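Shared chain: subunit A. Partners: subunit B in the first complex, subunit C in the second.
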Partner chain A sequence: MKHVTALILLGCIVFYGEANALTGRDIAVKMDEVDTSADGQREATMVIERGSQKLVRKLRMQNKKFGVDERTLITFVEPADVRDTKYLSWVYDNPEQDDDLWVYFPTENLVRRISGGGKKGSFMRSDFANEDIEQRAVDDDTHTLVEETTEGDRAVYVIESVPIPIKATDSNYAKRKLWVDKEYWLPVRIEYYDRRDRLLKTMVQGGIENIDGIWTATKLIMETPRRNSKTLMQYFNVAYSLGQPDDAFEQGALKR
Partner chain B sequence: MHQRLHDSTPNGLTSFLIRIRWLSLLVVAIVTAVAANQLPNLQIDNSNEAFFRSGDDTKKRLDKFKETFGNDDFVFVLIDLEDVFSAPTLKRVGELADRLEFETPHLLEMTWIGNVESIEGVPGGIVIDDLIPNLDLPQVELNQIADKAVSDPLYRDRLVSADRRTAGILLEFENYPELGIDPRKDVPPVVWEIIGDFSDLETHVVGGPIMDYETDMRTALEAPRWMSFALLGMTVMLFLTTRSFTGVLVPALTVVLSVIWTMGIVAYIGFTLNLFVILVPTLLLCVGIGDAMHVVAEFRQGLNEGLSRRAALSHTLSLVTGPILLTTITTAAGFLAFLATDLVPLRELGIQAAIGVWVALLLTFIFAVPLLSFGKSGVATEKPAEPKRDVFDGLLSLLTAFTLRVPVLIAFVFALAIGAAFYGFSIVKIETNTIQDLPEDYPMRVAFEYVDQQMGGSMSLELVAETGKEGGIKDIAVMRDLEALQAFLETHAYVTQTSSVVDQIKQMHRAVYENNPDYYRLPEKSSQIAEYLLLYESGGGSQLEKYVSFAYDSARIQARTKSITLAEVQQLEADVEAFVAANISSADIKTTGTLSLMSGLGELIKVGQGQSFALAFIAIALIMVITLRSISLGLIAMVPNVLPVLFALGAMGLLGFQLNMVGLVLAPMILGVAVDDTVHFFVRYRRYFDQFGSYETAYRETMRTVGRPLLFTTMVLILGFMGFTFTIYDGPRNFAISSSIAFTSALLAEFLLAPVLLRWLKPLGRERTSIAQPALAAT
Partner chain C sequence: MWRGCAIGFGVFAWLCIAGLDATAQEDPFAFDLSAETSEERRWRVSGFFESRNQRFISQDSFLSLRQRGQLEIKYTSHSERWRFFTSAYGEYDSATEDYRSPFRGEVLEAYGVFDGPSTDITLGRQRIPWGTADGRSTIDRVNAVDFRDPIGNARTSSRRPSWVARIEQSTSIGVFEGVWLPIGRDRRIPEQGSPWEVSFLADLRAARDTGAFVLNIEDPKVHEGGFRFLQFGEGFDWSVAVFNGLSDFPLLSLQTADRVRLTPARFTTVNLSAAIGQAKSTWRGEIAYTPDFPLGLGRTTDLGQVIIGWDRTFLRDLYVNVQLFLDRFGDVDDTYGGTFAITNSFFDDATEAGVRGQIANEGQYAIETFADYEFNDAITLTARVFVFGGETGSDLGEFRENDFAEVSLRYAF
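On to the complex of A and B.
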């Protein structure tokens, strides 16, 4: 009898444990939900180092959520020769729908819609690709929990995110491996792998601050060993829920 | 009394060598085993860059170029097809491209027409998309894409030929890891294996790693053949000339051991082998055999003349130790003269060959001499055996008589030959394009010629415009200069195609203006350039990295050419330089890349050949003057040394041979080898003149005694060098022929011209009236 009770108890524990175990997707959703704000703004400085050369880039980033979709406006500040060039992107949650992107060229006062690829391209010659900067919809990838471990002194989940087939051609990566902090639900480290399962780049996130109630990583370092290249991205003046008007994220606003 | 018997008492050196003979042979056996054990560690490296020292300007420019624009190594796989854009063909090529992308080691990027992006303007926007979005498209759509592809300079004759019959798959590599022996050599075997699985496609493969790998394989295959043939040739010649078992075995074994020891030392030091150094074993066989041959020849002559084994050895050593020591010093000096060049492998060859000749000398004493001491110990007989005369003695007597009879004719013929050689030398062409060295039907050459014919050229001259400031190339003035330079290159006869960032700016300008062809030009303002570049790099723009430096401070123009000769490369460089000097002011333009490397090598060869020859000449002349204790005799002795060099180079010109990298070894080497004959001849000549006081008698005696070994060493040398003709490359074959001409003319100059000059110029003073007569001179 004692044995039966013990077995039932054990069964309950296992069942309870399993019911509480997070899947890879659950973790991705948790990460997606960290930013609870309706909109936000930040300034960014990028220091790109390749070999002995160093470039500094500055930009302003604004974003606003439109339901499940999100719009981002990037205005370039430095170098001076591209000041006021703007990129407006509309990222759709529906994986079937292609994202939209417009570019504003200040010298000619022209706006052009960019369609097709471009996500794979490098962001201002940094180690970040455009797709690394953009918010990624949860279901653009399938997520698998690999293990629970510690990174430094932080408890983390390690998940692997593989693009779903229709998104695979839009991405440089065949797989990303993320170390997600169990407390902040932010990745503290991401490894990017190519189709041959070779490690392409590694990003480490730090400087995590609670800004307006939202955990925010303010320091990102992306390294590409094969190019002997490293980019430090630092965010300043981060602010959330500013009530930015919808039309600031329309293409018509780019020329303003 | 027989003159030879003067020295017949065993001297200290001989006694010592005989006393420790067992120990010597044991040491030789052990060292040989250790050296042989090192041989598997020998590495081969034939890359062009391996030729430059780290401080060399050409190399520095290339290194900087690589740092800025990435590793310029590539492998280009070309597929000969009916129509690249027929749906099944495209799919099949796609499969090959996939395999190559997936399996090729150190790959940074694989590009083919099926994975490139196109940037196109449409009303209100710009479409950045794959040129071929999917390989399953209907044929009609594929044909439309084909029209677009062959009209776009970014793809035409790069990834697809203008006639749509050739597809190209370009493999580019990351900066190789510094691990392992030579990572680029990991690439070709994988590429060949994959291509082997696509036997239904007719492929050609070109590119630096492939070429170097092929050359390495070929060299590894040929080197043992050269050596085997050289050894075989020598053995046959040794047998013909000595007709004795010892006469063949002792010199042959000594020289084989010298090669093993030297190569063991080379492997231990960690030098790599290349097309130059691969010559070393065969070269050593030929050069090293002289010492042992002279020892054996004198020894056998001593035995023939009735000396005991020990006495004959003693006599031999007293007679030849000085000369072979001297020849070793002079030959080593000749090889060490390569240190005057800036070519790394040649410097290494110099050091290795110099080590080799000293090893050969050492082994002559600690191996050949002990070996000769074994056997029945004959007793000195008062009545020496009558020396047998053979065809060689007959020939030598004939030459001696001829020289004494018609000195004016000899001088006249040599003067004529010198004139012809000067003419030949003046028309020798230096060539560093190794493709031209291969037979016309060799697959590698066929592949290069296929690229020349179908894809607009297999080589490229890289021009780098440096502005010296971050963002400098975004300046419209710089862009206009680049455009002008590119336009000039497009009109140049040797250039088939050019590309630069100017093309991309024009393409973006047109795309921003909705594909209106009127906008396929540079914009008006610098800020437009900056904005277009920002969009281009963000919109995929993988090409940008190849044409613009990271900090936008320098840009590159690539000028593609067919496989052109060194002279043509130099002409192209000179034309570019002149154009730049007259028209370009906004940036500093430098040339680099494979063609520039070729041109740099050509310059090094020209300068290196001259410098190392000059150094060898000075060193050897100095040694001759000191040894012969007479400035005039020493300088006359240099005549038969220098003439062979002139004759060899002259013959190269007259025979239409090109002076390539292998040929660079020629002049100092001939000097170093020819000097052996001179040392033996002049040392003996001086000795006999001192003894008999007559130029004619000194000549007769010299010919009678050292004439035979000199004739034999020359014949062995020529036959040994013929080993180099077992090659598919023109270089080693021409080297063998030119060297043979040199060695023959060295001997003729020694036997015929030198005595004439000596009798006319009388560098040893007046002849003495009371002349001692040589005992055996009458024979």
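On to the complex of A and C.
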């Protein structure tokens, strides 16, 4: 009888353990849920170190959630030749709906719809691609838990995220490997792989701060070893739930 | 001796290991970029210096040796409700002194904007592009083409800002926009002897100089204006517009034995434009109708125009833009053709190079091969070769002797 009880107890423990084991998607959902704000804004400074060259960029980023969808407005502040150029993107949660993108060129006073085909291109000549800057919907990728380990002194989950077929052609990457901090639910390290499973780039995130109740990484380093290139990015003046009006994310806002 | 070497090697190895350890401990996030950029200010001054040097390919002379400095000042009020912007330039171009003063300067744009909660009002001199098609639009009529130096690139013409009063009203269904130009557009025609002087005008001026007749070239400063409604939405933008104004180029309006008059003629264009995002492509289209389009000497004809364009980015940065157009006249031959652009980035995106241009009936073409190289964020080097062709008397064929090669250097601040 004692053996039976022990077996039942062991079974319960195993079942309990399995029931609480997180899947890769669960971890992706947890990451997606970190930012509980309705909207936000931040300023970013990027320094691109490429060989002996050093390029400096400054931009302002605003975002707002519209249900499950999200709208983002990026304003370039520096360098001088792109000052006041703005990008407005409407990103949809539904993977089958194409994002809407508009750009405003201040020298021509022109608002122009552009296609999403440029996502693979470099963001302001940095090591970030345009697709690295935008928010990815959870189900744009399939997520697999690889292991639980430590990164530095932090306990992390390691997951692999592979774009779903409809999104794969829009991406430079065949796979991303993410080290997700178990406390903050933020990736502290991301490796980007191409279709031949070669490592393309590595990003590490740090300077994690609790801002308005939301864990936020304020410093990012993206390295592209093949190009001997590195981009440092730092966020300033991060603020959440500001109550930005809807029309701040309409085309009329681009000219302001 | 060997013992000393061994001790030295040991110390060296320890230092290396200690150094490696120190590196391993180094915080990669110890950087602070706050000092890398300047503070945002209410007043902002920027501009550029540019040396633009164009040499004819088939002639032993320069088309332009323009050395320009341009200054731009922007002010934004504390409430961000008011904005003021002005840009002005001064330039010297020794290649043009036979027909145009080499020293030139003017205020390009100067306007104030009130950004209300749903109403925006602009007053001043401004560039306002209308239409959705690239390169060639049927409704981009708020600003006149600068025929003295007409080349923007091989697809586009350079435009002159206009004095305007503009109101934009945002509503739940879209944006209503009205523009009024109290003194009309700032029309400029090529000077006598300029490489951009069309043969029709050159012949008239030459005949005038022989005393054959008196030539009056008029530029009435009368009002022009238009109205537009735009709607932006998920996957689809469209607009409807109407513009009433004078032609960019003066037309022959009265001819007697001893007197010839050239004056721009008034007409109205109605336009429907759309831009559709489809997967990685954008489709753009315009339809326009101009009743009584002036042909000169009081003759008119109805004009219908259609433009269909498509653009897409392939691979990483390979951008392709193609546009087809048809201008269908009632009483004269139609004009049809296409514009195109193929560009790509190279060398860590420091260089953008490509080819762009337009082709049309009567064998007309204007094709530009170009490369822009950014030394850094401030300095850009541009090289381009520009060729024209077409039958005598056609719009682009007029300039077939003007093929040129250009090298430009720009410093932006």
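We adopt the following convention: the second predicted complex is superposed on the first by the 255 of 256 C-alpha atoms of A that agree within 3 Å, B and C clash if a C-alpha of one lies under 4 Å from a C-alpha of the other, contacts with A are read in each partner's own complex, and residues count from 1 in each chain.
Criterion: a contact is a pair of C-beta atoms (placed from the backbone, for glycine too) under 8 Å apart; a residue touches a chain by one contact, two chains touch by 3 or more.
These figures come from a predicted structure and were not determined experimentally.
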Subunit A as common anchor, with subunit B and subunit C clashing or fitting: clash
Partner chain(s) touched by A:Val103 [first = subunit B, second = subunit C, both, neither]: first
First (subunit B), second (subunit C), both or neither touched by A:Gly207: second
Which superposed partner A:Arg50 touches (first subunit B, second subunit C, both, neither): both
Which of subunit B and subunit C A:Arg226 touches, first, second, both or neither: first
Residue contacts on subunit A - larger count, subunit B or subunit C: C
Subunit B versus subunit C as contact partner of A:Arg125, first or second or both or neither: both
Touched partner set for A:Asp81, first subunit B, second subunit C, both or neither: both
Touching partner for A:Ser115 - first (subunit B), second (subunit C), both, neither: both
Clashing subunit C stretch [against subunit B; choices 129-137, 165-173, 219-227 or 255-263]: 129-137
Subunit C-contacting residues of subunit A that also contact subunit B: 50, 53, 55, 79, 81, 108, 110, 112-118, 120-122, 125, 227
Residue ranges of subunit A touching subunit B (in the complex, touch as defined): 48, 50-51, 53, 55, 76, 79, 81-82, 85, 87, 103, 105-108, 110, 112-118, 120-125, 130, 169, 195-196, 226-228
Complex interface listing, subunit A residues touching subunit C: 45-47, 50, 53, 55-56, 58, 77-81, 83, 90, 92, 97-98, 100-102, 108-110, 112-118, 120-122, 125, 170, 172, 204, 206-207, 219, 221, 227, 229, 232-234, 236, 247, 250-252, 255-256
Contact set on subunit B toward subunit A in their complex: 67, 101-102, 108, 117, 124-130, 174-175, 470-471, 474, 512, 525-528, 530-532, 534-535, 537-541, 549-551
Subunit C residues touching subunit A - in the complex, by the definition given at the top: 27-29, 31-34, 36-38, 40, 44, 46, 48, 80, 83, 115, 118, 120, 126-129, 132, 168, 170, 175, 230, 232, 234-235, 237, 275, 277-282, 311-317, 319, 345, 348-350, 374, 376-378, 380, 412-413
